[in-house]
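Can you keep this structure in mind? I'll have questions shortly.
Note that the chains take the letters A, B, C, D, E and F in the order they are written out, and that residue 1 is the start of every chain.
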Amino acid sequence: MFSVTVRDHMMIAHSLRGEVFGPAQQLHGATYVVDATVRAETLDADGVVVDIGQLAGALAEVVGALSYRNLDDDPSLVGVNTTTERLAQVVADRLAERIHVGGVGRDAAEQASLLVTLGESHVAWAGYERDL
Amino acid sequence: MFSVTVRDHMMIAHSLRGEVFGPAQQLHGATYVVDATVRAETLDADGVVVDIGQLAGALAEVVGALSYRNLDDDPSLVGVNTTTERLAQVVADRLAERIHVGGVGRDAAEQASLLVTLGESHVAWAGYERDL
Amino acid sequence: MFSVTVRDHMMIAHSLRGEVFGPAQQLHGATYVVDATVRAETLDADGVVVDIGQLAGALAEVVGALSYRNLDDDPSLVGVNTTTERLAQVVADRLAERIHVGGVGRDAAEQASLLVTLGESHVAWAGYERDL
Amino acid sequence: MFSVTVRDHMMIAHSLRGEVFGPAQQLHGATYVVDATVRAETLDADGVVVDIGQLAGALAEVVGALSYRNLDDDPSLVGVNTTTERLAQVVADRLAERIHVGGVGRDAAEQASLLVTLGESHVAWAGYERDL
Amino acid sequence: MFSVTVRDHMMIAHSLRGEVFGPAQQLHGATYVVDATVRAETLDADGVVVDIGQLAGALAEVVGALSYRNLDDDPSLVGVNTTTERLAQVVADRLAERIHVGGVGRDAAEQASLLVTLGESHVAWAGYERDL
Amino acid sequence: MFSVTVRDHMMIAHSLRGEVFGPAQQLHGATYVVDATVRAETLDADGVVVDIGQLAGALAEVVGALSYRNLDDDPSLVGVNTTTERLAQVVADRLAERIHVGGVGRDAAEQASLLVTLGESHVAWAGYERDL
């Protein structure tokens, strides 16, 4: 199994709903360092999983639509408790959509899975992995 | 599949038994940077794999019981060759026990697996993964 | 010259005032990984610059007073444009106060300087250094 | 499942064939930080997956045969488009050969898999995983 | 003293002249992770050392003019032994030129110094610091 | 001012004397990731601060003489409280000796200073800087 990963980041404000979150129920924020990994059983004719430039571009678009915002006010996230795990899923699903419409230069059917990891600090991170 | 990871560390003395270890048969020591990852197929009602604060607290207790000690004299490790791989298993098993008694705020049955990785330097690390 | 550094972090919301900041004028947020370095020409009788546990504790208090907040509403920061550089200064000045009242177990007069660095992502950080 | 990882690096020149690579079609170069992970279901009598010193030595030999070279002129890579993914496979296959001839001190049949990851920068990496 | 740092990277081929370099006399290559730090005694009216977006843009231009090339054939580097130290100076001098013509949004006279560090692997890096 | 840095590591056991150290008064251990930086105003005829291979070799010898040992029993450290700060000084002084006898291929008089930093974990490090 082959894999390729690109890294980007986003800086957002948000608050979390639920007593378990303690002070994180207050409006605060985070930098998420975002790693997106695509896996495939084979390489394409160029010898890559996907074109790294196109993958980085697609990730930049997904991350850019979330960055420099207060996620509590984002119409696309109404009702979503934006924990790190859930945001990893949001980023993965949006990136998968782009892959399915051909945004990273290879048929999605040839790609096995997508893993998105969000690093929220030097001591905590979360991820979501799904099929493509 | 979702995952969440927290990082802590421990500083221990020990020696390894076996000619293969060369100079590491002498009493020496290590800082282990400890990453504990819990995986689950679904998020709970709060939108998390497990509460990150409770996971970090449980890991701190497990790591604290080993830290600032000479593991060669630890009664709980008699007969254990405390290689990095084996210590990863010790930490994982002890953390799993806490998860099973409810120490991280979610039914262990809803959690798929636990991975513990011990970084012993900038050029070597080892891990152990088990079901929950 | 000796130095000792401890690392902590804080997660905050804020917005920046000034056209130069583009989208960062909107309410957003950041995780700042905070490194505090104390320098001294000599070590004390215990062989340290300052006690690392006390320095870490003092930094945790300073960082804790800022974390999980919207800095735009923080009464102690009225009129402050909370850029990464300026926040590094805020953290350094507050930590220096604690050092001057004896919070890190050594006379401040024996300590040469204090450097605080705030990492805002994997590609950008800022710092502030001052005398003690 | 247990794992052990060692890190090394190599510095090479090469060019990539295919319009998708844009400016990387020109002769350029890369430092690859190489992580080799061996996984096994059980530890051996010494309590390790494989001897870390022997694994590091085997990796150093594989990496050394590629380093400080122009891969476009390497007779062992004729016809290979040396993308990061493909080089990860080349390193993994060569390391697996050494493991199969006994180069890391444990029967290859007792080792489950081998993962090689090549970091090409702080924002991109690729990997290849195979059975042993 | 305040500072701000941005990170970028470049991937180049080159060879080094001189017996001391051993195998690095052969054509090989490197990824350099490039950190550019600007220091200033004061912040400007916006509360920054320099605008981080403009600094990142200026660094990207300097790095882009060197990346994906064989530096042995670069007309701007004729007669230059492109060691990591020397390349750090080349990047710093070119970035300083841009700062002096106003490329980072603040009078160069208000900026104290510029430090450029080039990381060539996980175990080696070099830097060059100069006045502005 | 130019600089070059190489990284190595050592794994040691020790205990610290003094109530301030709390549980670290017990025999425990540490991995120290050791960074050695040499600074010089000018480059030599080859375009380097010092030969990086020779510097790495000298550092490996200094670090090797301390590694895989219990520093409490090291005859060369009798009476030394082996805090991270103090060990940084020990490594720096021993490395400076090697530089002065010509071990890194350049006259020590042409080298301005030496900085040694010891990382004891992902959240703490200490350093010592001296003239050459």
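Just so we're on the same page, contacts are C-beta pairs under 8 Å (C-beta built on N, C-alpha and C of every residue); 3 or more make two chains touch, one makes a residue touch a chain.
For clarity, every value in this text was computed on a predicted model and none was experimentally measured.
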item: Minimum number of chain-to-chain touching steps separating subunit C from subunit E; value: 1
item: Degree value of the rotation bringing subunit A onto subunit E, based on Cα positions, nearest 5; value: 180
item: Numbering shared by both copies at the subunit F-subunit E contact, with half separating same from different; value: different
item: Longest centre-to-centre distance from subunit F, chain (CA-based); value: A
item: Distance from subunit E to subunit B - Cα centre to Cα centre, in angstrom; value: 41
item: Centre-to-centre distance between subunit F and subunit D (centres being mean Cα positions), rounded to whole Å; value: 31
item: Computed distance of Cα centres, subunit B from subunit A, in Å; value: 27
item: Residue list for subunit B, restricted to those that touch at least two other chains; value: 7, 122-123
item: List of subunit B residues in touch with subunit D within their complex; value: 16-18, 20-22, 80-86, 88-89, 122-130
item: Subunit F-touching residues of subunit B, taken from the complex the two chains share; value: 7, 9, 11-14, 23-24, 26-33, 67-70, 120-123
item: Sites on subunit D touched by subunit B in the complex; value: 1-8, 43, 45-49, 51-53, 56, 105
